[in-house]
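What follows is chain A paired twice: with chain B in the first complex and chain C in the second.
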Partner chain A sequence: MIMMDESAELSVSITQIVQRLKGTHLHSQLEKQAKECLHKPEIKLETLKDDVRRFLKASGWERKLQNAVYRELHILPPPGHPRAPPEHTKEPLAYMRKAQVNWEKRILKSLNSMCTELGIPLARKRPVPEQKELTNKWNEMGTDEPDLSKFRPVYAPKDFLEVLVGLKNPNNERSEDLTVRSHWGLIQVSLNVRDIPQMREMYPELGITYGQLGIDDHTHVPPDLFESEHIHIGKKVESEQDSAAAQQYSRQGCPTGLRAQLWSLILNTSNDPEFFCFNFIKQDITHYEQLKARVIHHDLLVDNLIYKDVKLTASNDDYYFVFEDYLYQVLLCFSRDTAVLEHFNYNCATPPKSCIQSKSGSEQCAVVYPPNGVIPFHGFSMYVAPLCFLYNEPSKLYSVFREMYIRYFFRLHSISSHPSGIVSLCLQFERLLQTHLPQLFYHLREIGAQPLRIAFKWIVRAFSGYLSTDQLLLLWDRILGYDSLEIVAVLAAAVFAFRSENLMEVTSLASAEVVTCVCMCVLSNTKIVSSLTANTSNPVHPRHMFQNCWDNHF
Partner chain B sequence: MSKSKQTAGYKGAYSSQKKKEGEGRSCIRYRCGLTNTIQDVLNQRPGWVEVKDDGDWDFNWCDVGWLRENFDHSYMEEHVRICHFRNHYELTRKNLMVKNLKRYRKTLEREAGRLEASKCDFFPCTFVLPSEYHIFVEEFKRSPGSTWIMKPVARSQGKGIFLFRKLKDIIDWRKDGSRSEEQKDEAQVESYVAQRYIENPYLIAGRKFDLRVYVLVTSYIPLKAWLYRDGFARFSNTRFSLSSIDDQYVHLTNVAVQKTAPDYDPEKGCKWLMQQLRQYLTAKHGFETVQTLFKEIDNIFIRSLLSVQKTIINDKHCFELYGYDILLDQDLKPWLIEVNASPSLTASSQEDYDLKYRLLEDTLHIVDMEGRLTGKEKRVGGFDLMWNDGPVYTDVGLETLGSSCLVANTHLGCVNDRQKQLQQLLKPFPGQKRT
Partner chain C sequence: MSAKAVSCTIKSAVALQIGDAVSDSSRPGVYITDITLAEPVNIQEISFKNYYSAYLTVRLQRREDSSAKWVTCLRNYCLMSNPHAEAGSHDYFSIHRHQMLTEPDNVTTVRLILRQPSSEWLNFSIEEISIYPCAKEDLERDVPAWLSTLTPVEEPLDLNGLPDPETVSSSIQQMWALTEIMQASQTAASIGRFDVEGSYDVKLLSYT
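After this line comes the complex of A and B, so read on.
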């Protein structure tokens, strides 16, 4: 296969990025700024280009452009051969592609049959009185108690797990023998996942000589000193408004008081309503308002799935119940956001299409349904819930969630060979356990308690709802910092390592669940250190767990 | 009760033993008038034995009713402890608290000036009715359209509270037959307070909430007070709006009232732990702002206790665990709503139970019937010493701070790693091995 050389690849990427940024709001703003600065005395005709450049740099606009480019790099489609079809570029392994297609067919079928069974249209225009009512109730949709008994989630994580378990590479020899080299876990495909030595290289900041937020007794750096300096640096990073620096910074954790701004910076969603969002053509706020208008005008079947999911999961959570209203405001808009379809440029999934009656009622045409191409499943709202802690303006909350989804969360429920994809994460988890805790793994296997069956739900949700919010946000700091979900797999393994002694004693899957659940509670009960002077430490926290396990077990 | 002739706290078998420094009792007899979390805590404490009815006791967790009837007739040996001060109501009855705070504020203004006195402006404008009815009306007329709240002086759990905007509403109320009936029953002449309602409470996701914080006082003269790190925020089940004054469920956040609201779901917690709240506020407003807020909250505890310091009958046998209710407004200013001498110890969930269990266990550690403390501690379990005849500061290593500045020893809403601290601090119970 002819590989493109690096410089050719680079110019292709540059062209793609320039193409995407053309016509965005940032572009028009830059042009406007450049035009306006011509009036300034320091801009001279002879040195026009340099002077304008200098001006844009000094006024912070160059930095904004840098951030936008940096963001585009995150969501660039994978490089591929110019003659390769896009599906092959997004997912090179044929059997993975096939599995994803089959899975999509299944969920779509489930959705459509629900629609037929219940006699509810997939989409329906709301009559005007209903529109008015919804507009009035927009900020308190949670007070509604619609009858959702006939709706069932389209699928739950455990259904998805069964599909992943059934994945097989047709090229591999099927051998039933349990050899030393064989894999004991449920994932039967061989993907290239990083082992501990490789991860040490990838994640140096998680090493013992680096300070971390969330305080560790064993670091070389005294916790108080580290924290105050880290906060100081964080404030500088924030004032510089530099996306790349913020991402690097986040590797060691974000201070609570700075996290919202830093995440916003990393994801390049605007902090200040005065500034404009450069991720999409329109401003954050007007884009959100447009989506809200779509919610008011049309009712979608999936809305009921969202209601049900929120009621069953987030509303029952001890902390997230407060944010119920926000969840509706975000998720209902999310379903209608066609801009999300862009992520299918690099997501190996394809947006589901359904037949909807056309306006005249006579024809049926296949349209993407739901409009954003994402069918929600049981627990989906938990991707949004932790963000409510950081953002309480719906448009802000929305843009951060959307960006997190199109960068990371989508990988947790589509079948691909990507290193941050769910298949790789599950495999990585199992391999870590098998390599470093073989006795435990073997024992659990023998009693019919495959570790992945316990850990899968944590991984699919990136631990949302399974860790207390402060711990979870520290974990998500690292997902953003390293631009990878691998850390989720490592934490899952660490949970088992942490309780390996207790787990060795269990005799059933149920009790294994209980032990790991208790472990999570232990993780969750350690609270944040919120004052410099509190001489308390947080002995059990994800990063400490890694450290502990890293050094003692792995 | 036939306790009047009994000598409570009679030492019996211990009469020949003198309590030496550090030597504790091996068997502590307790009496408990409540059937909730405290019962479990006392029951499970090593070496503590319950005595019923007329038996002699060393420790009494009583309700205020028992106290009122029996305290004055009871003789208590030096070591005996009881969980209330004789006239705690100077702090906890709304009308008396207002009176004491106002008087304290006046004294402060006279002695230390306006600025110092303004530090007492943490309770909303309040008048005792009917005695202050006329000055209330004057104030009421000065701010037309504002909302006021009427609260019965001696009731709890939100009973009898209502909001009003027009004088007409309370004139009707005064005439109302059913209410005057209650007034006749009240021993006190002054049975209500009218208070300016805080119309701009801080909302989280559109919901109003108040804070429940625990403060333990072991002595009034000198004043020694401890602040518990745990506490919680109690949310109203419905979204806040000023348009429906009659919907008391929105405005009152007591769990007790919420439980009767039509859409109350007992399985759904409507509380956040203090740590959660503190983190949420820090994420929204930044570390410094929240630090200032919690300092202001400390100020409320200290000033309110100082205001009754000379009024409350100090008694070395007495200690008291207060439940403070604090409300935040949109400017992040904390307001004192109420102080409870008998904060609810009934648990609404497992998490709630665990919190109250810890709280009570640490309270007993501080009361220290077993004689394990030196008296110099600044922290016991989840309690931090907040005031010891003067402000208390943390022992901070100077190298961590640029300039030398004193930091208050309070950590409300911070990590409560009490297990570890207690292990290092306390000797094991007599007869128990150190684990």
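After this line comes the complex of A and C, so read on.
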């Protein structure tokens, strides 16, 4: 009985995926390959179907198709009940949808008022001389010092946090006092978040008995215990060009020398040019060149927001200031990429719209602004910055960033009940802390230093800019490996756990910030992965679990 | 298949609680809703939208040889996997004939027993209840064994303009052999345009 429903759902999923893959570059390549192989002697008319299929498998094309299907499965909208309206499928909780709508209105108002105050249009066509100038300095936009003082970020993470704190379920009563039913933390909604035993089941590869890159490749650990074998397996996975295998592999960390290719494989953004046809690389580049042309032709107000953000964040960062030019090249193109609009199929946010006059007639046409529907906020460029260490070709860098955004990063700044959504992550962080360090939580709460106020900025940026890049990339390995952002919440709790004894002594929010900041610096110099494994492996006693971390590092 | 729902009268929910309903401060954990049908129906499906109910029990009153008998056709069906958390609280559900413990034939009344043990929520109920009858030809009887592996026709799949799954699965095989003329859609060589006839002079954003 249940099986019939599952196979029905499967048929719908297959139909959706086939529909999406039809007409893609991969489809035409497969057609071409199959047609060309007909000339080969081993293809016989009597067994045509099987022979062609065998050929496509042997030449690696079947694997390519598998990877494409695997990618589609990642971004397939969740199956909905036939009677459920689309907005319900994206976000079932009505009060969260409402909160998202209200938040978006605030952002639009802010952008409109900035636009009116400054007298700058939201978008305009660039005059030809300006287009030429931009083309010439495309690779060194960072040398420009435009006057950005008038521009302010549309919002910062702390504004967004206030919105999340204000989220209330009308079917729930909450009082300010601490009662049996209170939430100690800032997040007042009751979402299902995993506790430590459940996470142990979900993340077995982070258990103490598994080797990890980030711990077991430490200089004093002999490489043949884990590292050599793991690198050997990594090379095999990469040569097999298997997305699913790469994702599984990434759970124990990616070796530095293989990470770029493996992430690209997991995200199915491109292929090894020696193994597959050159056309795939060309496709990436053509797409990117088209976007670049759009940047040249049209000037957007959000470009200034991007400039400002890069100047304020990445350019001031010791690790990332060298990549300033790359960041402009990626983010300006990102704003103009209409393919990003597809992610609104499963994101409950709606892209901002405007009406413009059509050239020919007097009719008003609705357009999306910016073309990708995403308004950048303060710190947005930090999603791209760490990737600059992996990819030095802008088109490659762009593809990987875009895929990471539409799979993961968008969830960090839209209101939803999704397990990897920012609300769930914040709640999970608070619950972990409350369950395992109740005294610390209570103390911080009493001195007016709610832990989430300190940790929120780390979570929103998935720790980018708060950890050294090598440590950050190890974290992002696991995000990709488990296809979930939960690990970010766990790390945030672990940071507090590391310094729990110092934090018990602070008397203000400011000093709590200082202690955690110091902790992050320390973590950057040691290994964050051990803090993750300690959190998810078998504790003898909750206190013992964190004591373990403490003993390992200090 | 989208059969029309039968007309029915949904009575207001009755709370079951110990003690005085008015003066007692604790909220009820059980609600009972009766649905009377205009005439006896062979039920194919009951669909509804949940609002914070955790468990559902369904009892049916069937007309059998001029007497009415109550039977339980669904017992403690879980709507919210964790009664204290939001998951499933607003979801749409369908209970199909094949999920029921007894045959829902000649049904005159449907009784829905809702339970919500958690004290988190102020209210709970179910909404937008629809009852769908069986199609005229009874497809459930004498179905050969091999048919049960196919997608049943009566499954209310909303394909939204997508082609039929069965034709698609056969065409996947044919794609490999390239003996079928594929319906050509345009290759995604160029990316979607955002401007209107080359113009993209956006002045202000709309709030609607």
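The rule is short, and it goes like this: the second predicted complex is superposed on the first by the 483 of 554 C-alpha atoms of A that agree within 3 Å, B and C clash if a C-alpha of one lies under 4 Å from a C-alpha of the other, contacts with A are read in each partner's own complex, and residues count from 1 in each chain.
Everything that follows uses one rule, which is that a residue touches a chain if its C-beta (ideal position, glycine included) is under 8 Å from a C-beta of that chain, and two chains touch if they have at least 3 such contacts.
In this text, all values refer to a predicted model and were calculated from it rather than measured experimentally.
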Could you say whether A:D318 touches chain B, chain C, both of them, or neither, answering first, second, both or neither?
first
Just chain B (first), just chain C (second), both, or neither: which does A:L93 touch?
second
Name the contact category of A:P255: first (chain B only), second (chain C only), both, or neither.
first
Does chain A have more residues touched by chain B or by chain C?
C
For A:R83 in the superposed arrangement: first (chain B), second (chain C), both or neither?
second
Between chain B (first) and chain C (second), which, if any, makes contact with A:L191: first, second, both or neither?
second
Let me test your reading of the model: by the given contact rule, A:V165 touches which partner, first (chain B), second (chain C), both or neither?
neither
Looking at A:A293 after the superposition, I want to know if it touches chain B, chain C, both of them or none. Which is it: first, second, both, neither?
neither
Okay, in this complex, where on chain A does chain B touch?
139-140, 143, 222, 224-225, 228, 231, 255-260, 315-316, 318-319, 321-326, 388-390, 392, 468-470, 526-539
Within the complex, which stretch of chain B touches chain A?
204-207, 235, 238-239, 263, 267-270, 272, 275-276, 278-280, 282-288, 290-291, 351, 394-397, 399-401, 407, 411, 413-417, 420
Taking the touch rule as given, give the residues of chain A at its contact with chain C in the complex, in rising order.
1, 4-5, 7-8, 11-12, 14-16, 18-19, 22-25, 27-28, 30-31, 34-35, 38, 48-49, 52-53, 56, 80-84, 88, 92-94, 105, 108-109, 111-112, 115-116, 121-125, 169, 171-173, 181, 189-192, 286-287, 290-291, 294, 298, 336-339, 341, 352-360, 365-369, 371, 417
Considering the complex alone, what residue numbers of chain C touch chain A?
47, 49, 51-52, 81-82, 84-87, 89-94, 96, 98-99, 119-124, 128, 148-149, 151-152, 155-159, 162-166, 168-169, 171-173, 175-179, 182-207
